[in-house]
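Each structure below appears as structure tokens.
The two complexes that follow have chain A in common; it is paired with chain B in the first and with chain C in the second.
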Partner chain A sequence: MTTLTRQDLNFGQVVADILCEFLEVAIHLILYVREVYPSGIFQKKKKYNVPVQMSCHPELNQYIQDTLHCVKPLIEKNEAEKVVIVIMDKERHPVERFVFEISQPPLLSISSETLLSHVEQLLRAVILKISVCDAVLDNNPPGCTFTVLVHTREAATRNMEKIQVIKDFPWMVADEQEVHMQGSRLIPLKTMTSDLVKMQLYVEERAQKTS
Partner chain B sequence: MDELYLDNIDEYIHDQNQIVTYKWLSLSLGVHVNLAKQMLYHYLDRCRKDGSKTPLHATYLVSGKCVQNGSLCHKVSVVREDKLEDMKTRMDPTISIHVYSIQKAEIKDSSTLYSTDYDAVRDNLKHCNKYSAIHCAAAVPMSPTELELIQEIQQTSSPEKVSKSGLTGHASVAKANVKKSQGIMGMFANKNTAKNQGSNIEVKLEKKDDAPSVETLESKPAGMASAVNNFFGKPTKKQDKCIKKEAESSAQSSTVESKHPKDAELPSKSDDVKEKALKDSKAKREKKDVRSKSKRPELTDSEDEKTESSNKKKRRRIKKPRSDSSDDDEAAIADSPAKPTTVTTGSPESQVKEESLPTLEVFPEGKKRKRRRVLKSKTSVDEEGCIVTEKVYESESYSENDEVVTSQPKRSVLPVPGKKEEGRKSAKRQASNKSSKQVSIMGFFQKK
Partner chain C sequence: MDVVLHYKNNKDGPSDMVIFSERALEDFTRRILSAFEPWFPTHKDLCLPIRPQKAPPVVLPEDLTRLHSHQPSSEPLLSSTEPQPTSSLGGNKREKPQVTLSECTDASNSVKTSEEIENAPKKFRRSWSVFAPGVTLSGSTQTLSKQFQKVIERHSLQLHQRAKWIISEVNCEPRAIESVWAKVTRAVCHSKLPTCNANFQRNIAQIWLFCDVIYSEYIGNFLITEFHLNGQISLAVHKHGNIFRC
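== the complex of A and B ==
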């Protein structure tokens, strides 16, 4: 067992790469499962050795990629606390919030070569849980949209405002309305614990989705 | 049947929100797949009868004969419960229907079913068929001894395959090498007794393509026969066996051929340098001769009737280079007017000729004299003490009538008259011997 600090091996970059890849797959799957977009734009692709549904729409894909491109530096520096996919109805009121709570251990202990395969297995389990989250969630009203929120630690957002990671893709401070949901219930989906990263996935669902 | 399995399935489905497939259930509980299918059926049946609030969704595996694209085929498909009846009507007859999975969520695509079984099978990879209903009596794991045998067979077969594939490409090269080695070996058979070590392999090389050539070598004069028999003494008895062995193990010999002809060439080169102190240009001439010799036996390989003629040809050719090389040496020495090498006594005849030659010098005035560049070889002593022959272009004056006179200005430079005589003798010999070969250089000596 080798114990290394965060600075070693560019630990933050490794975790950021893995997490951003996973978040891209997870966002596509949530959009497919929760029927935010019609299922016709999705096609099966392979990730973590299992088939997953990914969107073919170029603008949607570009939006998701740009979003995660901006989130990556925050994850590298361990400044991102949560990444939230909010599904909103036509009035821009959130009906569901898929919360990915991310925490990185300060010390990385590399146990063996199976580290990445173990992480892959855990991520595969999270993907499977997202696939069957239909059973525990109510149906969403038609015409929903989505957005991505990032909860950061301390004053990381100030740096984000100063430095535009991607041109013409500004980040704004989220409205209170989008952040907090009234009358919501918490539904835990999956907890993942590995040497690289700890992640919790739960859903905040509004009690009455159809107003 | 024990009822505990029902509680287990209930826990998996409702508490863990898991998709329970029959394969996953059989691996988790350690039961046969057919028993797992029955378990799922019983659980589903009980839940439907009890009227539980939480609706359950099930998928079924249906297999049967159906007509698809105009042809009758056996179809196996996993369908959702709402499409089960529709699939049943399409199949005639329906061979098998059983519960594939039970879950709370409605399955939208098959990827979740695959993901469910993926990790279960991966964790039990070594014995994933332990509870399977698919069996083959012939599929038995091999014993360690059988595995070793197969590995050995694969190792021996793989290099043979590689060599055989390259055999066609190397065959022509191997033949040329074989001929070279044979020709060179024939020339230096008396001296190369050390080559007996590789004689068996070399014999094989020869036997492969040159059965008649081996016979020709054996029929050489007695002086060479003893040395030759040192090579071929043993294999003469085993000729047939060697040929058969060659046919069988052609791949192995091809690799050996590429090595040994090279070994044969090296001592031949060294002998040339030691015996006659020649330069590479002369060694090249010999090589060319050897190659020309090597080519001829190839023609007679397939024809045993021509062995006698090839014997004679070989005898002649083997002798020629020696005489030619010796003549070349003397001619080279003679051609260097500026640097005399050896001193020999002259003869009265040569003196007479020498006296007669200057008379020709009297009459050059009335005749046309021209200058031309001629390639001549000059010998000189190297720093190491070796005699080096260089080919140099020199301008000479010549007349149309008397080409011989051109040699006079150079001959007069020689301080020792004996050398002139020797030079003329050698020139004569050279002219006579080389008239058939190199007309360009010694052409002007022919008229004598």
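== the complex of A and C ==
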């Protein structure tokens, strides 16, 4: 087993590739499980050797891909602390927040086994948890929408330039009302620890979803 | 705490002294300072995350019916309940061979207004094609050059791993890429390209041909010679990127 730093093998890029690939599947699945979009736009596919629901709506797919394309450089440089999928009601108040908290080790102990099969197993477990999370969550009110928030390690304003990768896809600092949720309960879903990346997923759910 | 008071014995007596001493021991009045708040950057600014300015698309029930009406009934990927590999995520995946060739419209055209749908020509533009199974492959298709064998060893590729040939507009000049796409489709249809399924990425004007690594060199040479392509075409493998040029 060899120990490498972040600069070797472009370690950050490897982690960003794996995480963005995973986040794409996770976002599609959350939107399906939490019924943000009608189930008719989703189709069953296979990822990490488990069935997942992926949208076949081109505009939605493009939106998710553009979002992750912009997030990727931040993950690559280990500047993204949390990626949050916020589900909001009609008044744009959050009702649920799926928080992916990411941390990357400064040193990488590398072997083919740990890199591929182990990480895939762990990501599969997270996906499976998402697919059954509706059992522990209350139903959302009708007409919900979603947004993706990225919490950065430094001030958000410092990272604005780094995330503006796509010209027609601008980013902005989120409103406070989109971030804070009063009277929420915390539901831990899954924690994964690998040599490549550590991640924990939890849901913050608003106590009173119907206002 | 004991307080000892020394005083001169005068006419006022010790009772006044007690009042004086009580006053002297009273706490000083203090002004409570307001907490310091830096004016920039504020704590809120530091904590607030960033989000896309653009809102995600809203899917109306009408969109849903349009989406389904644009999906051809013969396309198994969208109607099947069996698990299929994800389309946009790449990876070492095997396309399931299909008996029939299916046609579909561009992805960008999948959601349109009702007027556009009514006015649109009935003709579908083919954007992908699939290898028909049950074809006997000759031994010559599996022979690999030493140079390509080295590439396989260097990247530790499996022979049945999927690889992708990319034909761009430059390779087709002076002909239109559409005409090359028509030829590619015909070749796939007639099983001239083993294990191949092809995809026309119209938005980036590229033709992607997916095939097993073992046949990829044969297919690359076939494309160059049969379709008279200009320049070099590149072979990409998931996670390794471009590994070979032909």
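Just so it is clear, the second predicted complex is superposed on the first by the 201 of 211 C-alpha atoms of A that agree within 3 Å, B and C clash if a C-alpha of one lies under 4 Å from a C-alpha of the other, contacts with A are read in each partner's own complex, and residues count from 1 in each chain.
Here is the rule we use: contacts are C-beta pairs under 8 Å (C-beta built on N, C-alpha and C of every residue); 3 or more make two chains touch, one makes a residue touch a chain.
In this text the structure is predicted, and so the values were computed from the model without any measurement.
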First (chain B), second (chain C), both or neither touched by A:52: both
Which of chain B and chain C A:13 touches, first, second, both or neither: neither
Greater chain A contact set [chain C / chain B]: C
Partner chain in contact with A:121 - chain B first, chain C second, else both or neither: first
Touching partner for A:133 - first (chain B), second (chain C), both, neither: first
First, second, both or neither for A:146, with chain B first and chain C second: second
Contacts of A:172 with chain B and chain C, given as first, second, both or neither: second
Partner chain in contact with A:182 - chain B first, chain C second, else both or neither: neither
Which superposed partner A:33 touches (first chain B, second chain C, both, neither): first
Footprint overlap on chain A, where chain B in one structure and chain C in the other make contact: 44, 51-52
Contact set on chain A toward chain B in their complex: 32-33, 39, 44, 49-53, 121, 124-125, 127-129, 131-136
Chain B residues touching chain A - in the complex, by the definition given at the top: 17-19, 103-106, 108-112, 114-116, 118-119
Chain C contact footprint on chain A (complex, rising order): 17, 21, 24-25, 37-38, 40-41, 43-47, 51-52, 54, 56-61, 63, 65-67, 70, 82, 84, 145-152, 155-157, 159-160, 163, 169-174, 176, 178-179
Contact set on chain C toward chain A in their complex: 41, 44-59, 61, 63-64, 67-68, 71, 77-78, 80-91, 107-108, 110-111, 239
